[in-house]
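Read from first to last, the chains carry the letters A, B and C; within each, the first residue is number 1.
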Amino acid sequence: MEYFIQQLANGLTLGSIYGLVAIGYTMVYGIIGMINFAHGDIFMLGGFAALIVFLILTTFFAGIPVALALLLMLIIAMLMTGLWNWTIERIAYRPLRGSFRLAPLITAIGMSIVLSNFIQVTQGPRNKPIPPLVTDVYHIGNITISLKQILIVVITSILLFAFWYIVNKTPLGRAQRATEQDRKMAALLGVDVDRTISITFIMGAALAAVAGTMYLMYYGVASFNDGFIPGVKAFTAAVLGGIGSLPGAVLGGLLIGLIESLWSAYFSIAYKDVATFAILAIVLIFKPTGILGRPEVEKV
Amino acid sequence: MANGYQNVQEDVMAKAVKEGAVAGIIAFLMFLVFVGIETYQDINNQLVWRTRWGLLGVFVIVAAVGRFVTVGFIKPHLDKRKLAKAKTGILEVSEEKSFFHKHFLKIALVFLLCYPFLAMMIFGRQGSLKYVDNFGIQILIYVMLAWGLNIVVGLAGLLDLGYVAFYAVGAYSYALLSANFGFSFWLLLPMAGILAGFWGIILGFPVLRLRGDYLAIVTLAFGEIIRLVLINWTDVTRGTFGISGIAKASFFGIWSFDVGAANNFNKAWGLPSSSVYYKIFLFYVILALCMLTAYVTIRLRRMPIGRAWEALREDEIACRSLGINTVATKLTAFATGAMFGGFAGSFFAARQGFVSPESFVFLESAIILAIVVLGGMGSLTGIAIAAVVMVGGTELLREMEFLKHIFGPDFTPELYRMLLFGLAMVIVMLFKPRGFVGTREPTAFLRTRKAVSGSFTKEGHG
Amino acid sequence: MATGTTTMTNDTILKVEHLSMKFGGLMAINDCSFEAKRGEITALIGPNGAGKTTVFNCITGFYKPTMGMLTLKRSNGKEFLLERLRDFEINKVAGVSRTFQNIRLFSGLTVLENLLVAQHNVLMKASGFTVLGLLGLPAYKTAAREAIEKAQYWLEKADLIDRADDPAGDLSYGAQRRLEIARAMCTGPELLCLDEPAAGLNPKESLTLNTLLRGIRDEGTSLLLIEHDMSVVMEISDHVVVLEYGQKISDGTPDHVKNDPKVIAAYLGVEDEEVEEIEEQLDHATVEGGTV
């Protein structure tokens, strides 16, 4: 039982990270119907930004409080990746909006290759380890829960709430939902569609940057190809939950995190990703639009 | 009038300067952290950093100047050209095709047939090895894979992001069956294709009712599952170590290319001992396989099944109303595409003599898909051109040793290979969203064969 | 496939019995029964939202009805229960083909290719399910030639022969409508279902359409059509079924339906009491007429 709860906590932590990245996939998909393959690499970029900020901070302000350092890392990483994603959308996706559906998919894959190789070229191919930031650990019976796990879950929850508020209660969120429903009509009614889409990309990137920072904090290492596997898993999470649905993305993320940690704990660590993907396939076979996705009505 | 023109001119310049400056600032902020600062491990293996302001400056200047030139000169120039075209009132004039254009395919085929010998004549026996193998065979493998995927994506409109799985099935089928049972290449080549096709059906059956991007992610998942199984099922596949010492292909069982064999090809023909003859043989084998793929694709397009594939891409509901079994039709497309992937895989295993899961990562699927889309979905010629440009181009980068003299000995052009590949993908798509060949050749005609413009064809949603 | 439970006279091609279709809580069709006769043009009319397209989609297999029986009798005497067939079998086995309200052509294929795709099942058999055709056997070549001839026949009928090699997406709206009908006819159906064939056509195109549809009927194919354009309905149909709120309110010849007060009320939107009033008046009038 204790072992199970321990794994549950680990899964929840991992799931939070996947969920944050999955929101970026799902939002972009919802608003322009495109799989943003480069989103995983945006996540990686966020991790790297946090890593570099961390290094600079520890050089110049050796005694800086951890909380402040973490906050600065988060903020700079969010701004940085937001800017990157905004630029990428402007250069590589916007000109292709409304064209052939596969064209933006290919540019997104191209961008993904560009980003990971750009980091490989500029920062080197080796893994980048950093000393542990947060080391406190709490024991409840035999269960060990680290402060960083708590931090990750708490930060994720706060962000999700803020995010939910933006999408559901603000004019910006309304513009986003309107653009999602019918882009042309939204434009006719005075919604600045281009701006709304840009902001969506920035928001998605900011969340990915938070996830990237926490991933760095959790594992203590960053690498140029960190974007792919978590990216694919977050995308899997988004699809599992029902792509286009925000609660679905979070649910999917948590599910994937739990599947991964529980499968590793009880079956085999080698096949944990196989289990994740197999469950995705099985769920989609029975619910072709994911768990919380709107069923697709075939209009005749 | 002239004054007004000058005003416009000045406006453009002012705008260009402004946009250039903005681009410079954005580039500065974007690259500040990633280029301006370099992280590396010191002697104690501790992560430290140093600044690279010079390089950052180069990035910023390139971005600013690039934007300035685009806004100030390139765009007005393009607009002027467009305007001139509109004024003359003639839309795209279809000029009389040149001799080269008309006979492009024949010329290309003749060139390919002579290619190994041309390479030998120009670069000598050992020198040509690189050209026959790294360029010739490598590109042709991608041509074949892309033509195979074209059936699934280009014709049937099913987005498959895990095509490399079938390539892996083909390669491992050959590797395992030849290692364990000693079957020959010529027996295993068709078997690998059939096995891959069979896998196509098994994987396709449960998921083909999914639509669009859901299908894409599931195929991606299947691709990853197969790779992960190859890594982890070490008893059979030897995991990440891979399987080495895979038997070479023989000359239809008559002559062997093994150096020690009694019926060695080189000895039998009195040729000096060199591996180049094996490579040339392999070049013709893959060329023949490509031709087979092209032949079958062209034939199938003119058959009811091929037309049903294209109809499926255009409108699935209409297909059903016409009595077409869409599930069976999708499955045949999936299986046929998979089969060619399997052929290519077994050839790959024979050529490398070594297979490992490393060769079957998602990136490969992405590259193959990119070639199909960049070439122009459905167009065999376009896809072949895209394969030559993309694979050949990046392969060429390996050869750019002279760049070392410019950028110093630390410069490894290979590092930039994938970076440039990705950039090329983005740029080609931006300028040619429909790919190199955007038109579609009709499969039947009553009076005249007219190519169908890309603006009418759809890309499928399933 | 033979049902045995229903008896159908030879001249009935389609019998709809107690058809009901529920979407969530909404009863789109409620216990609707009617028949379509062989060799006739049957029109299904009704105000917007009456459930016409839903009936159509049930017949052509795009929806599975909640209740009811849809029996189709082919000319060889075989009967099929349409609701039990798989979507594509409705056309392949039962010989029912259809067009769509918002035209669904293969816009990237040429006009001719559209008509060849429609002959998929015939050609598939002739090509030995691709295998024999791939080897280039003459049987397939003959079949392919015949398919082109058949396509040519329908292209001439639909007045599209000059556009045969153009992409379908390039045709004008009216021509696309005609092409869709020609394509449906190339499957060799016994019952052709048309979903608002005259929608969006100008009067001249409407007339050409009428001729085309009559020609199809005279060649022995039965037609079932949904239509809003009363001039088309009244002019070409032999039999009219009127739906309102998912129920049949009238059934008969165009003249009968035209004068049915329920139909008038449904179209003009009168209150129920007024319908009764009108009915009374009409009764009165006929009585009076009789006495004079």
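What we mean here is this: a residue touches a chain if its C-beta (ideal position, glycine included) is under 8 Å from a C-beta of that chain, and two chains touch if they have at least 3 such contacts.
Keep in mind the model is a prediction, meaning the values are calculated, not measured.
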item: Chain whose Cα centroid lies at the greatest distance from that of chain A; value: C
item: Most contacted chain pair (by C-beta pair count); value: A-B
item: Centre-to-centre distance between chain C and chain B (centres being mean Cα positions), rounded to whole Å; value: 47
item: Centroid spacing, where centroids are CA-atom means, of chain A and chain C in whole angstrom; value: 50
item: Chain centre separation in whole Å, for chain B relative to chain A (CA means); value: 29
item: Numbers and ranges of chain A residues touching at least 2 other chains; value: 298, 300
item: Contacts with 2+ other chains: residues of chain C; value: 62, 100
item: Residue numbers of chain B (touch at least two other chains); value: 317
item: Chain A partner contacts - residues on chain B that touch it in the complex; value: 26, 29-30, 33-35, 37-41, 47-49, 153, 159, 206-207, 209-211, 213-214, 216-218, 220-222, 224-225, 228-229, 231-232, 317, 362-363, 366, 369-370, 373-374, 377, 415-416, 418-419, 421-426, 429-430, 433-434, 454, 459, 461
item: Touching residues (chain side chain B, partner chain C) in the complex; value: 296, 299-300, 303-305, 307-308, 310-311, 313-315, 317-326, 332, 440, 442-450, 452-453, 455-458
item: In the complex, chain C residues that touch chain B; value: 60-62, 87-92, 97-98, 100, 104-110, 112-113, 116-121, 123-124, 127, 130, 133-134, 140, 148, 152, 155, 161, 164-170, 183-184, 187
item: Chain B-touching residues of chain A, taken from the complex the two chains share; value: 29, 35, 45, 48-49, 51-53, 55-56, 59, 76, 80, 83-84, 87, 91-92, 95-96, 99-107, 109-114, 117-124, 126, 128-130, 228, 232, 235-236, 239, 243, 270-271, 273-274, 277-278, 280-281, 284-285, 288-290, 296, 298, 300
